[in-house]
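Same chain, two partners: chain A is paired with chain B first, then with chain C.
For the complex of A and B:
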């Protein structure tokens, strides 16, 4: 009996190792989805981020056609990575509206000049309030909103070429 | 050139640790141990040389940081030419690779110190100990060289470095990590002693007496490091808290708890030849906790907010090392420890029994902290995500810690082997009366404080009295240093407890949005918000609030909390302004400006909060006195044990 007790520490340590090893290869971070998928877009009205281009309001999203809302910022590096994909989506006739988070007009025009400008309208979300209301935690994120203003799909992080199929499918489904 | 020299020294040190392991194993081979002297003569200098080389490698890294040599990837990623020199220096270990190099350096230097200074341990046990230390070092050298090379060059050379995390740009960085590591990794010596003694079947009082000063030394550094870290977090993070129970803090607390238990059980082994297997177990557990802590912190497995922060290669590497070393030591324990002789017996009411209770309670706290720290991992394995916060730790560890402190008051008043419980009651009468008086005063004059702080404030004065009781009727000039050490360390616990309880019972907080010119109050202070001014430092700019503070009708003094913006990397930090008075601290932080031009001000009046760290320093100082006392006595060849 006493001999067995002496092996208890080793056994406990083995259990610890197993738990930790499983934790090491299954990182705790999963994307936290917006609770608003399937729900109407909350009310908001953002002023234009650039002169000469409309801002973005929830009313404009209920116009009958589906849209992509891209939440981005000129200071955000992954947003530069996804810029070609957004341009491609826009080229295929998918309307893309932007929400610029904590940005300045001059930085924004520089960003659009360098990395392409797929946006129909850009709302200025200077205190991140609208971003948070939409259930988005970071930049970039992209929402697919259908013609009645209901959020159908959320994409967290930069849109890579591999993500295009899913985004386009979500857009088609929202028509 | 310096980087290559540092890397070369590291490779050489790794090679020497392999040599040390091979030589040690050869000397211990059955038959090879007939005359271990030639091999022993070789093992010792090899261990010393290994320590020196590791230290040289670390010095090379410091030099690279001081010169801001941007051709080295680590320097470019973590330093900046515009940084004050102190942070260039301390920045050497303010990152993963550098801190791991410091870790290995302390390991090697501790092994070298054992080889140089240890004269009392049986020779074969010493060889086994040095071989075990070399085996640990070898694995961590491999980790550094394969997965975390601090000397990797960068091409092309960048024009400027990324800078150091501004939260680390504080004099605390030059003191806290090295101190903590000396304790954290220094406790490896106890692990190696335990493994050595298991291999040579040498677990006995003489072994315990040889191990005790090493445990004490590591424990002193650990205590200092934790105390300093707590104060640093307190003033640097700007939240007014002094302990957050976050995994990194727990990683340093767990070895301390195990080392504290070890410190007491090793005394039972040295004095009464008891608790043999238990002492060996604790020595293994203490350093295992250090290694597990290193793993938890370095793999990012617990602190990760984003998947990219986790580096599975590094995590897996350390995990394999853990499996080898801890698993190996526990296997050896299972195989060998039954051959260890039973120690002498003792009665329920005795010094030994009090120390056993001390050990049990410390182990329970250790277990609870361990479970709380790892619980998120367990639930995550079951598909649920939770985090365990201060309420859990305070609620489960708090009451046990209080019980532990109460036993601590009784322990030194008890005789070894057996004592009369009526005598104990008589000796404990005065502290109990003091407790009752404190409780009465608190209930009368400070109603409505929480149960834990109330208990803390009730027993702290009694424990303080009980702590100094061993000096009663002694000739103070002839009292040995280690008795003084015990008294001061125990008194430090009482002082620290009083600070913690007072902080949580009596803290006053004011949180307002204030415009310049406005006056507010916190505790006994009136605070006038005079102005907000922009100021600039060497690598930051800041908004500084000027406050004029007055306590009652006393003289006014100024406080100037800052909201800083560091330029490289651009990060905001809050620099709290703290005014220390004899009975506490006034702590002020400034937040953001709102639309109406008002500024967030957070003010705390924390009565007696300073006692927390004063107590911590006393505990460490008590340890130092005990160490000096033990070493002095060993030098003079006096009998080690006087049954006090």
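For the complex of A and C:
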């Protein structure tokens, strides 16, 4: 009995090492999913971020057509990475509606001039109020909302070419 | 001397944060005028997790997102909302994860029972030691 007890600390240390090593090799998923998926989009009404282009309100999301809502910002580097994918979605007939987080009109115009402009509307969320209302934890994020205004899908991070199939499928499923 | 220069350089360097160019929200770093309300807001901020720097409460974090969350909390407290209503609002968006006060539910039973279990285990160990000593 005593002999076995002597091995207990070593065994406990081995378990500790295994836990640490598994955490190092497979880091935890730090993405925070919105809890609102499957629920109606909360009420909001954002003013236009650019003159000459409409803003975005929750009322517009209940018109019967699905919406792809891209939360982005000119100061966000991954948003530049996903710009070609948004342009491709727009080319395929999927309109992209934007929510610009903490942005200035002049920065936004420069961003759209440099990286492409697929946006049908852009709402200005200057104090992150709407981003927090939607349960979004960063930029860029993309939501798919169906024609009745129910959130159906959330994509966290930049949309890469590999993500296109899933995004298009989520949009088609929301019809 | 070289160490001093290095220290100054490190202190002066702007961290490469992914933050916007807009100034912080009004209530991010400004207290509420009513001390009672500010006390409530501060207590809530200390138990709400920052979404960006995930080990910190929004009260402690310098991230822009944390500032916006502090502003949201102060705005809502000022408008007369109860702290627990605001906590529930945040949990309904981000899950129980966002709150540092875990609710009592099946997934957290072990967490809440842990102090009792550990004390019981300690007593059990100590009991063996005391008996041993009395005998000797």
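The rule we apply is simple: the second predicted complex is superposed on the first by the 166 of 175 C-alpha atoms of A that agree within 3 Å, B and C clash if a C-alpha of one lies under 4 Å from a C-alpha of the other, contacts with A are read in each partner's own complex, and residues count from 1 in each chain.
In this text, a contact is a pair of C-beta atoms (placed from the backbone, for glycine too) under 8 Å apart; a residue touches a chain by one contact, two chains touch by 3 or more.
Since the model is a prediction, treat every value here as computed from it, not as a measurement.
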After superposition on the shared chain, which partner residues are touched by A:35: those of chain B (first), chain C (second), both, or neither? second
Contact-wise, after the overlay, does A:169 reach chain B, chain C, both or neither (first, second, both, neither)? neither
One more residue to check, A:21. First (chain B), second (chain C), both or neither? first
Mind working out whether A:59 is in touch with chain B, chain C, both or neither, as first, second, both or neither? neither
Between chain B (first) and chain C (second), which, if any, makes contact with A:7: first, second, both or neither? first
Interface residues, chain C side, partner chain A - complex: 18-22, 25, 51-52, 54, 64-65, 68-69, 71-72, 91-95, 97-98
Within the complex, chain A is touched by chain B residues 277, 281, 284-285, 288, 292, 295, 299, 301, 304-307, 310, 312, 315-316, 319, 322-323, 326-327, 330-331, 333-334, 337-338, 374, 376-378, 380-381, 385
If we count contacts the way the header does, which residues on chain A are in touch with chain C in the complex? 30, 32-36, 73, 75-77, 101-104, 107, 126-129, 132-135, 137-138
Residues on chain A engaged by chain B in the complex (per definition of touch): 2-3, 6-7, 9-10, 13-14, 16-17, 19-29
